[in-house]
Structures are given as C-alpha cells and as structure tokens.
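Please read the structure below before turning to the comments.
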Amino acid sequence: MIANLFFCLIASGFVAGAAARSRYERLWSFLLLAFLAFSGFYFWENWQQGITGNFAFHWIDASLMQVNINLASNTDTYRLTAPLFLLAGISVFYNTFYPAETEKLRLNGLLLLNLAALILLICAQNFMQLLTAVCIADVLCLFMINDIEGKRRYIFYNLLADMGLFTLFALIWKQTGSVDLAALSGYRRLGQYPELSVCLILFCAFIKSGMFLFQGGFLSLSGLSFNRIFSISYGATPLVGILLLIKTYPLLAGVSYASATLQLFGALTLLWGFFGAVVIDNLKDKALYFNLMFYALMIGLLSLGLKPIMQILPELLILGYMLNLLWMMVAVSASNEIFVSNMGSFARPLKAVFSLALLLILGLIQFLWKSAPLAEIWIYAFGAIILMACAHILYQIFLGKTNADEHVWAFLKNPPLLYLLPYAAAAAFVIWKNDCYDWMVGGIYALFLVVLFLGPLRSLGRLYEAETLQEADWFDDIYETLLVAPVKILGRILWLTIDFLIIERTIVSSLSGATTLLVRLLEKMHTGTWTGSLLYVSAGLMITAAVVYMKVRG
Amino acid sequence: MIHKYIAALPEASLIIGLIVMALVNLFRKTNTPKTFYTLSKFFLAFSLLTTVLFYNRSWLPQFLENNPYTSLFKIIICIFTLTWAYLSCKWFLNKNYPSWSFYSLMLLEVLLLSLAVSSLNFVVLVIALQGAFLLNWCLIRLGDDEEKKKLGASRRFLCFALLFAALSAAGAVLLLARAGSLDYEAVYKHFSHVSKLMPVDYTAAAMMILPLLFMLGLVPFHFWYIDVIGVAVLPVGGFLTIVPLFAYVACLADIVLNAFFPVWPVFKPVLIVFGLLSVGFGVVGANSETNMRRLFGFSTLYHLGVIVLSLAAFDDNSILSGFVYMLVYVLAMSGIYTSFLGMRSKGVYLSELESVSGLSAVRPYIAAGFLVFLISLISTPPLLGFLGKLSVVNNLVIQGEYTVMLFILLAVLMLVYAYLNVIKALYFDARINTFDRVDKGVYICLTVNLILVLISILNPKYLMNDVEAMLVTIF
Amino acid sequence: MTSSFNFVSTIIAVPFIGLLFALAAKDDEKTRDRNVFNVSIFALITNLFVIWRMFALLDVSKPGLQMVERYEWLENPKISIVLGMDVFSLLLILAVHAAVLIGMFGARHNKEDGKSLMVFSLMFVGMITGFFAAADIFSFYIFFEAMLLPLFMIIGMFGGIRKQGVLARFFIYNLLGAIFLFFATVVLYNYQSANIALNEVSRVDLNIRQEIFVWAAIFISFLSRIPIWPFHYWISSISTGLRNPLVFIITNIIPLTGVYGFVRFWPKTVPGVLSYFMIILEIICVISMVFIALIGLINKDIQYKIFSFMTVGYIIYLLAAFLPTDMVLQNIGYSLFSFLIIAAGLEVLSNYLEKQQECMEISSAGILCALPRASLIFSFFVLAAIGMPLSSMFLNNFVLVADLLDKNVKMGSLVVFSLIVIAAALLQELYRLKDNTCVLPEKPCAADISARAYGVLLLICGFLLLTFVNPLWFVVRGGKL
C-alpha cells in the first residue's frame, strides 16, 4: 500500500543520507536500488491486484483546525505514483553509475525522500498536507541542487511561489472554514476571491513548472550535472507545479479566465522552449528547454480539463526523461562536451546512441499520435515543435559538420552498456506500450527523418556564436530592473530619509541640542557668584509674592 | 518632678555629650579621630534609646511636644546621624584630621534639630532651626584646604542664612503682633477665625515658610546647597544631604498643618512652583556636571522637588507618600555617600566622573552597591526607590494632579541620562586610576544598606508597619 | 490539577538563586569563567525541568490562569502580587529559556568578563519569567520595568556599543514606555481602588477621557518595546552593533514583552473610542513591517537582517494579537516558541561565522563552503525562519496569516509581502555565505563547529522539527486546545 511505501521511502532516504560519504557508498547505492526494485515490485503487485485502503494520521486535532495526513491507496494515487516511482528508480540507477556524480548516496537519499513528499502531495486531501508536501519537496529539491547560482535562483523563485500558496490557502481556509481540498469547488460565493485565488495558484504553479516569464528558476538548473537535471526536472519541483494544478483543479474550473491563461502560458512556453532549444548552444540548457516544452504541453492539456493530462502524464514524463537521458549520453560519450557547436558528425562513432535516439523519436511519435484525440491542437503543435527541435539538434550532433576538437574525437565512443541497455529497454517499452503502427505514424516518422537528414535549420547554428544571445538573461534582467532594484532603492531611500534624516538628524539632534542648550543656560545662571545667588533669592521672593498676590486677589 | 523631666533625657544626653566632648578635647592630649566618634556614638545612641522610650512624653509641654510623629523623625535623624558618624570616622582616620569640630557640631545640630521637630512655638522653632542651620557654616569650613571657592561659598552661605534667619525672626514678630502669641495653636486660630486676612498676615506666614524652603534648598533657593556640596568635605556633604532634611520636612509639615493650614491654599501653589522648578533644575543641572558630588547635589534637588510636590496637599496620604519617598531617597543617598567613601585613589577621595572609570573591574562590590542605589534613586523596580515613586504617584493621582505627576515622571528620564553617565564611567569605561583598599566598615555599611533595601522591597510592610499610624498623630 | 508547590514563584526564583551561586563562583585564571558558566547553565536547565513539570500539571483545556499564587505586598496602597500561568505564558518562558541557553553556549568563548554577563543574564531571565507570570497590573509593571536594568548592563558591558548616546537613548526610550505603563497602572488602580487582574483591564469602565489617556499610555508603553516606526531606530541602532550573541538575543527578546503586553491587555472587542486609534496603529505596524523588511533586504549586515526578521515576526504577532479571536493566542505562543529558538540559533551561528571569518582574515562570503556542519545547521535555521515546514512557525504562521487576510486582505497581503522580503533578505545572506565562487585560503584556519556543538545544534533542529510535527508534544496531560 501507498502508506507502507511512503514510510519505507522515508526510512531508506534517511538511512541513505546517514550512510552518505561512508566507505562503501556504492554498495549502499546497490542496496538502495535493490530496495527500490523490491518496493517497485510490491507496489506493482498491489496496484494490479487493486488493493485499496485508507490511511489517515490525525496530525492536528484542535478545535481551530482538524488536519489528517491521508495516504489513501486508490487507482488515482497508484496511477500518479507509478511513473514517479519508476523515474525515481531510473534516477537512482543513473546516479549510481554516473561518474561525475560525487555524492551518489546523498542524492539518492534525497530523491527517495522527495518521492515520499510527492506521494504526500498526490494523496493530499487538505490544504495543510498539500502545502506541507510542496514545501518539503522544495526544501529537498534545494538540497539536490549543488550549484550555488542554481540554488539561489531556485529558492528565490520558489519562495515566491510558496508564499503565494501559503496566502492562497490561508485565505481560502478562513473564508470557507474548511481545510479540505473539496471546499475548493464551492469557493465562488459572494465575498470570496476565486479570481484572485486562481491568479495566485497559476502564478505559483507557473513558477514551479518554469512557465514563460517565470522560467528563471527552472533554467538555472543548467549549472548541475545531467543526472541532477533530469532527476529534478521530472521528479521534483517542476512536477510539483503540475500536481498542484491537478489537485486544485476544482478551483480553476470555476474561473473563466483560468483556461485561457493556461493556454496562453502553455503556448508561450512552448514557443520559448523551442526558441531556446534551437538557439542555445549548451546541451544542458537545451535539455532544460526541451523539458520546458513538455511542461508547456502539460499546462496546455490542463486547459482542456483533467482527463487528458491524467491519461498521458505518466508517459509524457517518461518520454521527457528519456530525452534528457539521451542528451546525457551524448555528453558522456563526447568526454563531457556540452556545447553542440563543438559537436557534429557523431553518428558514425555513436551509432548506438543515434539508433536509440531514433527509437525514442519513434516512440514519441507513436505516443503523440495515439494521444492526439485527447487534445488535438496541443498535441499537434507540441509534436511539430518538439520534432522539429529534435531533428535540428540531432542533425547538429550526429550529422552536421563537425567542430569537435581532437580530444573529443579521440575519446568519442558509445557509453557503456549499463547506460544503453536500460535506455533501449525503456524505449522498447514505450513503443510496445503505445502499440500504434498507423500509416500516419510512419509518414510523420519519415518526414522527421527527412528533416533530420536534410537539416533545413542548419543555418541557425550561426546563432551559437552570438555571445550576447547565449549569455542573455533577459527576464532576470527585466525583473532585476523593474522589481528588485526599485525595491532596494525604496529601502535605501526609506532608510536614508526616515532613519537618518528624520530620526537621527532631526529628532535626535533636536533633543540633544535642546538639552545642551538647557544645560548651558543653567551653567551660566549657576556660576556660584554673589550676583547669581542674589538673583535666585529675588526670583524666589518674587515668585512667592506673585503667586500669593494672585491667589489672594482670586 | 523627676518623672516629668525624664522625657528630657534625649536632649540632655546630647548636651552632656557635648560637654564631655569639650572637656575631652580640652584636657586629653592623645585624642584620635576615633575618640570623638566613640563619644558622640555613645551619646547619640543613648539619645536614640531614650527617644524611643519616651516617644510620647514631653518635658516642656508649652513649647515642646513629643508624640509618635516627632519621635519617628527624631529616631530617624539619630539613626542616620549615627551611621554617618561611623562612616565619617573612616574619612577622618584616613585623613588623620581632628574630628572634634565635626562631631561636636554634629551633636549640637542634632540637638537643635530635635528641638525644632518637637517645637510647638515659633520662638523655639526659629531659634532651634535657624541655629542648626547656621551651624552648617562652621561645618562647611571644616577641612584643611582653605581654597578660594570654599571661602566664597561659605561666606555666601552665611550671608543668605543670616538673611533668612532675619526674615524668619521678622516673621515671628509679625505673627506675634497679629495673633498675639507664637504658639502654633494660637496662630492657627488667628488664621482660621479672622474673616478677612490682611496682607501682613500673608507676609508673616510667607516669612515663616520661605526660610524653611531655603533650608530645604528648593529652587530658586538651592544655590547654597549646590555651592556647598561641591566644596565641603565628604563627611559634611554627606551629613548635610542625609540628616537635616528629615527635620526640615517634619517642621514644614508641622507648621503648615498646625499653624498655617487655613492659609495653605494660598501658599500651596508656591510650594508647587518651587517643587516643579526643583525638579526641572535638578535634572538639567545633573546633566551639566562631571563632579559626582555636585551631580548628586542637583539630583537631590529633583528628589526634594518630588517630596514637596507630594507633600503639597498636606493630608494624610500626602504626608505618608512624602515620608516614604524621603526615607527611600535618604537610604539610597546614604548608600551613594557610603560608596563615595570607597572611591579612593592614593589617599584622595575621588569625585570626578573620569577618575572613577572602570571601578567595577577592581572594586566590584562598591560599584555594584553604587549601581543598586543609583537605580533605586531613579525609582526603578524592584529596588526600594520604586516604593517611593509608587507612593508619590499614587498620591498625586488621588489629588488629581496628573500634570504634575507626568512632569515628575518625564523629568526622571533626563535625570536618568545623568545617572547613566555615572554607570558608564563605573562599568563601561576603561580604568585610568588605581584604587585604594576599601575599609571594612564601608563594606559593612553598604551590606546593611543593601539588605535593608532588599528586605524593604520584598516585604515593605516591615518598613511601613506603624509608620502610617505614627505619622497621623501630627493631625 | 492543583499543586501545593509554588511552581510559578519557583521558576522566577531559580535564576536568582543561580545568580547568587554564580556570584559566589570562583572565576580565576584557571577556571576562566567555567564555574560561572556551569552554574548558569545548570540554573536554566533546572528551570526547564520545572517548566516541563508545570506543562504536565497544566490543564490545557481550562481557560484562564492556573497555579495562581498571591502575596500581600503593600498595605497602603493595598497591593497584592498575583502570579499565574497558562500555556501561552509557559510557552514563552520556555522559549526565552531555550533562547538564552543557546545564547549562553554561543557566547561561551567570548573573551569578556563572563561572570558579569552570566549574572546579568540570569537576572534578566528571572525578571522576564516574572513578567510572563504576572497576573495583575502591578506585578506586570514591576517586571516590565525591572528587566531594563540587566538589559542595560548587558548591552553596556558586552554589547560593544561605541556610541554612548545610542545606549543611553535606548534605555531612556524604554524607560519612557515603562513610565507610561506606570501612569496607566496607577490610574487604573485608583479608579478601581484595587489591584486589577490583567485580563480585567479591558473591562474597567472608564470615562471617555480617562479611556483615551489610559489606553494611549498603554499603547505607548508597549509600542516603545516593539520596533515600530518611528521608534524602531533606537532598537535597530543597538542591535546592529551587538557582537555578542547572548547580548543580541536578550536585546531582541525585549520586543516580545511589548507584544505580550498587547496580548494580555488588549480587549477582544475594541471599545468604540479606541477603534480609530486601532486603525492608525495597524497602519503604522504594517508600514513599519514593510519598511524594516526592506531595510533588512538592502542592509549588508547580518545582524540587521536577523533584527529585521525578528521585528517583522514580532509585528505579525502584534497584528495577530489585535484580532478579535482567542484562538489566535495559542498560535502566537507556538509560533513564537520556534521563532525565538530559530532566531537564537541564527544569531549564535552568524556570530560564530563572523569569528571564523576574522580568523581567516577574508570576507565572509563563501565561508560556509569551508564549514559543512555549520552550513547544514545554518541552512536549516534559515529555511525554518523563512517559513518552510521545519518548525511550528509553518503551521502557526499559516493560521495567523489566514486570520490577518480574513480581517483585511490588503493588510494581509502586505504582511505576506514583508514575509517574502525578509525571507529574501535571509536567503540572500545564506547564499552569500555559501557562495563557492569566493576564494578561500588554501589552508583555512577556520574550524567547523565542534562535534559536541554540532550534536547540540542538531538536537535543537530535531526539537524544532518535533514542534512542526506535533506542537503539543510536551504537554503531557490535559485536554485539547
């Protein structure tokens, strides 16, 4: 059952974390893999046998709020958990064997804990569990990112998203009096803020999934190694954004502009993803732009309702993940070269990788064709764009004119079978699973091959040399200029005017000046002289006379 | 016959003490500073004992009356004089300076103050009080440094003390002319029975009250006190700050309640103005000083101001609150002066703020004691000073004097600023001086004072028990 | 549950007894303050046990104060000192003890006169415990003002404040607040001719003029303790200069007394005459919060950032205290509990890092890269501080923000904005300290936190996590909240 899996994941995650940097790190990783395999088998068996059950832990039992932690096992949770489990397993596998990864066990431990957090999110039936799961996943993801710039951007973007969620759920809880997610469907009464809430939820989800305008945090993952990129992209925060939208869909459904916004941002992200994938030279960046396209599709599908996304999400994730793996294999084969401009004509030395790429594309086309009826426009658009981008990049890597240096050529060879075999198996599994041999699929594949071999976009390769384009960070610059800088300037102005000018220079100085004046005055009056003494005595007598006179005279 | 005059024993013991001391001074060659301290201690203690024993018996009922009220003040005067006499001895021993003048003058002053407190007649009051006050001139001149400043201050003191003594005597003559008698009771009757009082009546009353305010050192008659405190030797400064205040306040309350109460509504604003001025001048002056004795002299003005503002209504609550504040203030001030005796460098008693920098590092106990008394003076709980503030403020609220109360409370902030400079010097600044060993007696007195402060705040009923009952006997 | 043992006075007395022992402890060159330190720690830990026992005896479901103790103090005016305890007060006492304990560990190796520091700290703990235990206006006022003395001495002696004026102004400013409270206390006392219980203050039937004066005095007195514009300046100017973690912690506990004052005095239904002032106060609070958060963001000093974080937190608790619901009170308590511990942890670590930075003679940027243990703990504290689900702040702040949003969406939004800004400020600092692009010396002499300290800090982190999982875990018996 899901609950058992959840607790096992937490336990194994902590054990892995504790064993990190131990003497037998690889052995521990194998044990972890074995555990995952066993758990996977157990999970699969339970799912197939249709074992369901409710698990609820009374977390908060106060009169103010009752919150249960639900870990119910049912078809939906099995269905959503299964691909995540699989992806986690693959990630653990590749992390274990990826030579560039220095903290294998720690990363694997974090991945398992992250999976537990995602299960918590999937099973959530109330805001508190949802919010907790999202935040925990964020924290774990933060620890998975081992690049300082990536961490910085990630946390700032996600902080905004989490605070948005925090505000949103707080508002809804107070207005509906319930923390149940079910309350979302009725959240459109007078005095409530459904539009604002949807705006907030979309904002948060877009940040997490890296939609257009909010992609900074997502794209900053390019500083990580490939294994971390795909582990995070398809198993952590970006996915949380989609799951969040799925869980809060009743709220979205009630607001008219939600669908249009989802479509708009999905479309813009898709285009932006294509643009980035084609224009940016760095293979890691390209991988991330491809991931953006996948998430754009998911967002687009959500605009059509829950059914399409729920049906194709598992496979979409697996395909996206495999595409990432493909880029990783290319880089590994080319002595970790990550610039496409330094590649080309790798088809011959990397036959196996090239073949796997073609196999994956076939699986992708089959999947898209089979899923097309669910959301025709979105899938066609996505298919066209992603195939075009793939064809272009595969051309540049495998067929185009080579720019690779001697060192790369000298060591260029297919990755070990340990990489290739699981990948081939997965690709075969996708093709077998889709089981779609329509003539249109053949036609599209043929068209793809034509584009791949002809390389019609090859002239775009010149853009790799445009340094401004490659290093541009337009959106972050815009945010820095429009939001962060004014806030900082405002802070400085306030500090200068209020703290310094008004308080220090005006209030404090005046008080201090007045005191000094009084003190000097007194010093002058009190000189210890005959005149001074006489003056004081006379003043005393006069005061007495005046007061008595006034009192007597009424 | 004897039993009637046995009540004169407190005064008699002081007189005998004076005679004995004079004889010893004349005929004994090997006198040390301790000799006169021992003698004065003995006679003061005897006086204290007999005052307690005969607390409600009078030996000259037409002129002097002993009741719980007067006895309370006399007892307190004796206790503080005894304590200060003990501490002053350390100064005389250290300086190896003859102590005959100081102790004999002190004994004489206590005698006169004691008579003034018990007086029922203006003649006794004027003679005793003015006599006691004029004795201060002799006290001020004590010490071997006949510097110009000191001479100037003592001359000015004498001149103005004589002026006010003359004023007081003239006032007594006027009162005699108007009321036909100088008994308090007769004066009271005169003021209450005459339907329309003449300006001369007010003048006479003013001439009797103003000298008391002068003695108290209320602003604008404070100049003598500030002058004197800066130049007088430490034993004298301490004595003038601690002891006579009780007698002056007791006498003021006595004459206001028993003689001038019918005209008090006319004079009350005078006292309030003087009180407010004292509070204001005190806090500003304290901030202008770097000499600690003068600083505390100015701070005394603030406290005096608070005492008279509290007393101004002269009802049972006012008397009690004024008394509590005064007692608490004097306790703290005696602690401060005790600490002064512990601030010595190469035989010289330090009084400049700069010179005591970093005292806490070498003499932590003295610094801690000083700190406790300072905080007590700004009436911060849980120290004893809070009790005084509570009594005064509560009384002012009962009187409806909200403005006065706020003025007092806000003025303390400025006083605190001056005190903080002292704390800074003692605790936060680096040491620039070496400090001499402190006499055990100073430590003993500080400890006793601290214990008293501690017990009093934990259980003020100890301190306050019966005081209220004793004070109301004035009415 | 009733008990014949005077628990409340015991927890006030224990720090004072510890103080006496600390004063008597030998602290020569050989022992180097170790005895004083041990005695102080022992006193606080003893008190923690007593507090734990009190939690066990408190009936959480029962409203009002329990374990009430009464002492007849003065006859004229007739004043009785009444002490009592509820979960809220006890939580705050526990939090203050924990924070000071952390601070003491942090300040242990400071090259200063440890004896005086420990003595005044114990005095402060005793005073503030009394303050939280006070059940009547007089005892409340007494402790409210009394804690200023140890505070002033601690800051003055160990704060390293160079500008004397700043310190004096800080004290005078706090004293001003105490004076106003005294005024209100005496007026209320005379109006009722009796000492008034804290929860009865709002029920005293004053006339309009008196109501305005008394409540204005109460407002000013409590606001003087909370760094609200324009009075924040003295507290901020002090806080930024402090380089001793214990001193910083103690100084920044002071605003808690203002918040607590409002919580205890503030009526649930605001009288008509006060509602106008209420709006003004809320506006000032929100402006101050945004202002201080923004300054925290631009200021490069970590002390200021921690100060800003604490100030924003306090103002949120203050705004929540104004809400017309009793339920929020417990949430403030639970949230504050973690809040103080987190702030104390942050301060102790940042101070440690500063010392290490001085030792390495480099800029502090990237220092955490060389100190993995410190890095982990510091990251934990920062993440907990910004509201991640690592402490009870997460859940309880959720409730508070929900109530604030429910009351006024605009105000709630500004509160959230401030939280974001202050979180950004803390994160900015965290990633500056973790910036691995900064060059560290090849052989850094900086030492990571010792295994023992690491263990203690991990324990604190675990403790905080426990407060997230079950905020009521330490309440042994009693009903529901």
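So that you can tell them apart, the chains are marked A, B and C in the order they are listed, and the count of residues begins at 1 in each.
Here is the rule we use: a contact is a pair of C-beta atoms (placed from the backbone, for glycine too) under 8 Å apart; a residue touches a chain by one contact, two chains touch by 3 or more.
These numbers were taken from a predicted model, which means no experiment stands behind them.
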item: Chain pair showing more contacts of the two, B-C and A-C; value: A-C
item: Identifier of the chain whose CA centre is least distant from the whole-structure CA centre; value: C
item: Whole-Å separation of chain centres (CA-atom averages), chain A against chain B; value: 78
item: Whole-Å gap separating chain B and chain C, where each centre is the average of the chain's CA atoms; value: 44
item: Distance between the centres, which are taken as Cα means, of chain C and chain A, whole angstrom; value: 35
item: Per-residue multi-chain contacts in chain A, two or more chains; value: none
item: Per-residue multi-chain contacts in chain B, two or more chains; value: 417
item: Chain B residues within the chain C interface of the complex; value: 320, 360-361, 371, 375, 378, 380-382, 386-387, 389-391, 393-394, 397-398, 402, 405-406, 409-410, 412-413, 416-417, 420-421, 423-424, 427-428, 459-461, 464, 468
item: Parts of chain A lying in touch with chain B, wherever the complex brings them together; value: 515, 518-523, 526, 528, 530, 532-533, 536-537, 539-541, 543-545, 547-548, 550-552
item: Chain C partner contacts - residues on chain A that touch it in the complex; value: 59-65, 128, 131-132, 135-136, 138-139, 142, 148, 151-152, 155-156, 159-160, 162-163, 166-167, 169-171, 173-175, 193, 487-488, 490-492, 494-495, 498-499, 502-504, 507-508, 512
item: Complex contacts: residues of chain C adjacent to chain A; value: 165, 169, 229-230, 233, 236, 291, 294-295, 297-299, 327, 330-331, 383, 386-390, 394-395, 398-399, 401-403, 405-406, 409, 412-413, 416, 419-421, 423-424, 427, 431, 434-437, 469-470, 480-481
item: Parts of chain C lying in touch with chain B, wherever the complex brings them together; value: 72-77, 113, 116, 141-143, 145-146, 148-149, 152-153, 156-157, 164, 167-168, 171-172, 175-176, 178-179, 182-183, 186-187, 189-190, 213
